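In the two assemblies presented below, chain A is common to both, partnered first by chain B and then by chain C.
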Partner chain A sequence: MATFMRERRADGRVRETQSTSPGRAPRRRGRFTDRHFATLLTLPALLTVAAVTLVPILIGIGYSFTNYNTTTPSQVRFVGFDNYRNLFADPDLPRVLMTTFLFVVLMIGAETVLGLGLALLLERPMRGLAAYRVLYTMPLLTAGVVVAISWRYLLNGNFGWFNYLLGLLGIPGIDWLGSSSTALIGVVLSDMWVGVPLMAILLLAGLIGLDPELPEAAATDGASPWQIFRRVTLPGLAPVLTIAVIFRTVDAFRKFELIQLETTGGPGISTKILNLYIYQQGFGYGRLGYASAMSIFLVVLMVLALSVVFLVGRRLR
Partner chain B sequence: MWVFLPFLWLLSTAFKNQADAFALPPKLVFQPTLEAFRQLFSGPFAHATMNSVILTVTATGIALLLGVPAGYGLAIAKSRLTVGSGYLLLAAYVMPGIVYVIPMFIIFLNVGLVNTYVGIVLAYETFLLPLTAWLMRSYFLDVPPDLEAAALIDGCTRFQAFRKVILPTALPGITTVGLLAAIAAWGEYFATLIIGGSDTYNANVALAGLVSGYSSSFGQLTAGALFITVPILVVTLVAQRGLLRGLTAGAVKG
Partner chain C sequence: MPDRRVLATVALTVTALLGAACSSGTDSASSEALKAGTGFLDGGVLDGKPYDGEEIGVWTLATATWSKYQNEMSSEFESLTGITVKFNDIPEAGWTDKVRLAQVARDSSYDVWEGDVAFKGEYDGRSAIEPLDPYVTSSVASPTDFLSDFPAGNVDLCTLDGKMVCVPEWSSGPMLYYNKQLLADAGFSEPPKTFDEFVEIAKATKTDEIAGVCETGSAAQNLTWDVYVMSQYFLKYSDKEPPRGVFLGSDWEPQFETAEALEFGRVYQDLLLNYGPEGIANYGYVECTRDFQQGKVAMWLDNDLYVGQVLDPANSQVADQVGFAQIPCPPVNPNHCMPAIGKGWFVNPNSEKKGPAWEYIKWVTSKDATTEMVQRGNFYGGAIRQSALSSVSSELPEDLATALAYQKDHLNPNSFPPIPELVQLVIGVSDTFSKIIAGADVQDEFAALNAKYTQTLQEGGHLK
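Showing the complex of A and B:
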């Protein structure tokens, strides 16, 4: 016979745990403690994911010390840190890193500000809120290739609808993706179609979870709307905001088809972010050893960026 | 309005003839034609669509089979090992695809898995399985623990309790997560482009192949994009509430 004990977990949930009464029959087969049962359920997924990610990444680190090239796969040689040395001597790299930095900052900045604004607008009681929320999930669920193709032509200087609409507002059209000075902005504009609604949905969920009495109390105490936002709303929203920005940062570093299909990194190398550069070096020129080294570098950069997001997020609270 | 812009453009351009497609201001009244769809499906896009279906169904099936139990394991986890393995899954999900796809391509080249369904599905599981497990975790956290306790009192083993009591309760969650995983698989491009080949490319890669400076394939391009998008829009409208919950769950609960 089993008895049940209640215990309160760290997160406040109450769980039943099972223990056998003293002096009774030994534990039956097939009965597990919580710990073993949880591990057993998680194990198949964990092993599979380890096999398809961890193992390749370790092998990839190995290949980053070789001269692996798809044209001469039989002549793989250990070359020590040559790939890493070449990486820092690569004449295109400073420009690529600058583009990557600009892309990440512009994209996250624009999407966060506009997404937050949209979320604050939607937070007011209004009709059709549910419809808006469904509408805003659509860009996120649309295939990346479709987003890229649509915006490639919407932003076209000659027949693009986007410029036509700008024209109606009296703003002269630009061949966004055709000029090296505006192409990156064009790419960010396309990405905002997905990112701004996503940000808005996530932040709206965060806003709804906040205590509605706090801003009211602050208002009675004579705080200005900006003070309420800065001192009450933003700190409360900080955890969700941090996670939303992390989502977008991770996405920015792996952005591929949007830029590949809109500009293939051009004109020149004006929209070539690191992820795209690695792909072109690895699968365009076959330099997979070099590309492996660069992909490790990409992860290091991403972890650095995420650390910055964490630190900023903590200061907001 | 802004959200609708690309959809409107696709919808109108796919049914227009070449001259109307480029007209500005956009022609709102035109003679609709199915010519673009006819041309599109007489090309490699038809086979690629079938590949999309096969890859999406297989990859989502495997992700649910392994990811749903894992989600429950993560939800009830107490030991440091299980909690830690949850973070390992998260780290795998966050990793940019290029990091594992390069070595995976070299390995698959050696064992003959390049341009096979098996190879592509394995590449999909790198993000689908962590996604499924973590989303399911958030659903299982809402299942009252008393439910399992009651089943155990009634004489179920823990496996039986999971299979016969917990799983049916979580069915709406499983459906939602399955749909989200399927949408992610359906829209995948990068891994398919690298691991796949002309026999196994999905509709996205086939569609991207139509992008070129020439206007000859403009109608086909929009017709294909529309064809890829419509199933997702239908699913979104039918399952709207659940999908929204699934999308925000990860962020709000952490």
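Showing the complex of A and C:
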């Protein structure tokens, strides 16, 4: 890198020399470098992102230390850690956390297994493959609200299609969304309609990227199909699988419109996950301070869950 | 140093200008609101259309029968006044959230809204109410007899601390709809005369295809109303001021752990779980209306807003079999067992078009408009004016007229305490009874609800 140096000679004159020695160019005060220019160009985007993410997060953290309530907004005051203490004394919270855990596990488990199966099926060359791939991506084009309302009617205990089809098989109808013992399963089923194709697309991309010679070599060495899948395919797919599960895990924690429109968290609180509970506390009861503290708690839970996913993904490789 | 006289002149001029600006601001706001004429109540037309070309935003509840009529009729208002009405029909599930956030944010994008009169205390707590006494009493903005045609109970619905805060839009009370044929098949020729008989008939009429009773079971669909109606037959009414409702004692103490409340909870759970329709946890008034119209429900205790739908032969298979009745008040609550609910038209205090907003309210609550709404769909709740109800009373089935008269004579116009914390109390009831419908233990849930009520009322300064 060429650098310029100035030195004052004994006679007082300033000499400027060019040096080709390696090293950083001396910083020139007041010089507007390319780096400064790049920073300046990204500043509007950074400020916008900060405004719509960082600022609300900071405000939410601030609210979590107040008793802010929308029914009496003028009476807001600082309450320290009271909201966090009340969180752990909330009698409904243990049940809500269990429901959240069950929902996430069921949703991720079912969608990963079925999505992987679908991806493996569609990776093989077959007639009409392009058409099948288009068909199974169609649920992804449907708005979440439409999915929720449609499945609410499909699973209706009195006139839903599900029970009608079960009836044709001689199986008694189930009150899917009206019974606290089956409502969560009904909600998971609804989500799988979109979640399985989504997983399949992500995993199919991973499968296509794998080296085809490895399973061939394993087969030549006498490995069974299960051994090939377990020892060759799955480790190779682990990075993509981890990313896919991370996306779906975050989505599971954030799930709102599906449950709100299908069951509103009922019957009772059998489908009330933490996200919905926060919404009810904040916008139903108006207790925004308390809801903010609960939101911080939700973020902590999500970080823990994602850490587990990362660890498992690393072990798979 | 400038001449003192110059300084004084400048100071006086500035002061005068500031004072003129402030007062003209106030004067222009009040004169803006009051400059319109009084033509509507007798079907007249505003002189000169003072608000011609203006547009106002009106927030109403979607899927409500009356909203449909108001939308359909608004072209008449527009042609009379030149004011365009832009309706925003908001689904019930999101209504409370949207209104609350708009009020907290001092949203000025809407000018008129139909608010739940039970929550007027909450609206007041957020300074979201425009006092309407100046509008009603102004000889410029309103005729002198503007309120004379309203029954006193209806005006009370819109009164808070002696001030008028809205104009009644509709009011409603309980109504027992029953299927005469289904009751006769079970050996009952008359509707129930006590709540015990109500339970007995529900049990006797229940079959695999028929529900003995239908009630709202979904927390998202105003479950609290049905709970409140039934609770009147178990809990004592407190006539203290401000009103407490039946869930609170005279000193604001919650009543959920009393023997009467626990009995009510158990009867309610038994009734809905064992004698209601399958999947009642997801039932609202839409589902109950549908099932009743299809002849699948023996009795439906709700409010009187659905009379038109069950009598409509185009949609109701039981139009010629439906009976109307009231379960008479019990000894524990002999005079006020008919809770009232209703909506009122409120002016948004942040609106910049209060004058046009008031014109719309006067029109939509006028004798002509309310009479037309009542006649369009047998929407008797819209008969907030005596004259509107009189226009259709001769057409009412006799048992309906008797049931409505009993309701009005035993009305509880302030079913809920008009305090800012009301929504928390209502949601608490909704949540608890939703769990009870799902099979939770009544005693445990009522104990938890009692604790929540106590905390809420203490934080609000009502309970020591």
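Convention: the second predicted complex is superposed on the first by the 271 of 317 C-alpha atoms of A that agree within 3 Å, B and C clash if a C-alpha of one lies under 4 Å from a C-alpha of the other, contacts with A are read in each partner's own complex, and residues count from 1 in each chain.
Keep this in mind: contacts are C-beta pairs under 8 Å (C-beta built on N, C-alpha and C of every residue); 3 or more make two chains touch, one makes a residue touch a chain.
Just so it is clear, the structure is predicted and the values come from calculations on it, not from any experiment.
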item: Partner chain(s) touched by A:Pro197 [first = chain B, second = chain C, both, neither]; value: first
item: First (chain B), second (chain C), both or neither touched by A:Leu304; value: neither
item: Contacts of A:Pro267 with chain B and chain C, given as first, second, both or neither; value: second
item: Partner chain in contact with A:Ala244 - chain B first, chain C second, else both or neither; value: first
item: Chain B versus chain C as contact partner of A:Phe283, first or second or both or neither; value: both
item: Partner touching more residues of chain A, whether chain B or chain C; value: B
item: Touching partner for A:Pro73 - first (chain B), second (chain C), both, neither; value: both
item: Contacts of A:Glu257 with chain B and chain C, given as first, second, both or neither; value: first
item: Touched partner set for A:Thr42, first chain B, second chain C, both or neither; value: first
item: Shared contact residues on chain A - chain B and chain C; value: 73, 158, 260, 283
item: Contact set on chain C toward chain A in their complex; value: 93, 96-97, 100-101, 104, 122, 125-126, 217-220, 277-282, 420-421, 423-424, 427, 431, 434-440, 448, 459-460
item: Chain C-facing residues of chain A, complex; value: 67, 70-73, 91, 156-158, 175, 177-180, 260, 263-270, 280, 283-287
item: Residue ranges of chain B touching chain A (in the complex, touch as defined); value: 2-3, 5-7, 9-10, 22-26, 66-67, 69-70, 72-74, 76-79, 81-82, 85-86, 88-89, 92, 94-107, 109, 122-123, 125-126, 129-130, 133, 141, 145-146, 148-149, 152-153, 157-159, 162, 183, 186-187, 189-190, 194, 204-205, 207-208, 211, 221-222, 225, 228-229, 232-233, 236-237, 240, 243-244, 247-248, 250-252, 254
item: Residues on chain A engaged by chain B in the complex (per definition of touch); value: 2, 4, 9, 13-16, 18, 30-32, 34-35, 37-46, 48-50, 52-54, 56-57, 59-60, 63, 68, 73, 130, 133-154, 158-159, 161-162, 164, 193, 197, 201-202, 205-206, 209, 239-240, 243-244, 247, 250, 253-254, 256-257, 260-261, 275, 278-279, 282-283, 288, 291-292, 295-296, 298-299, 302
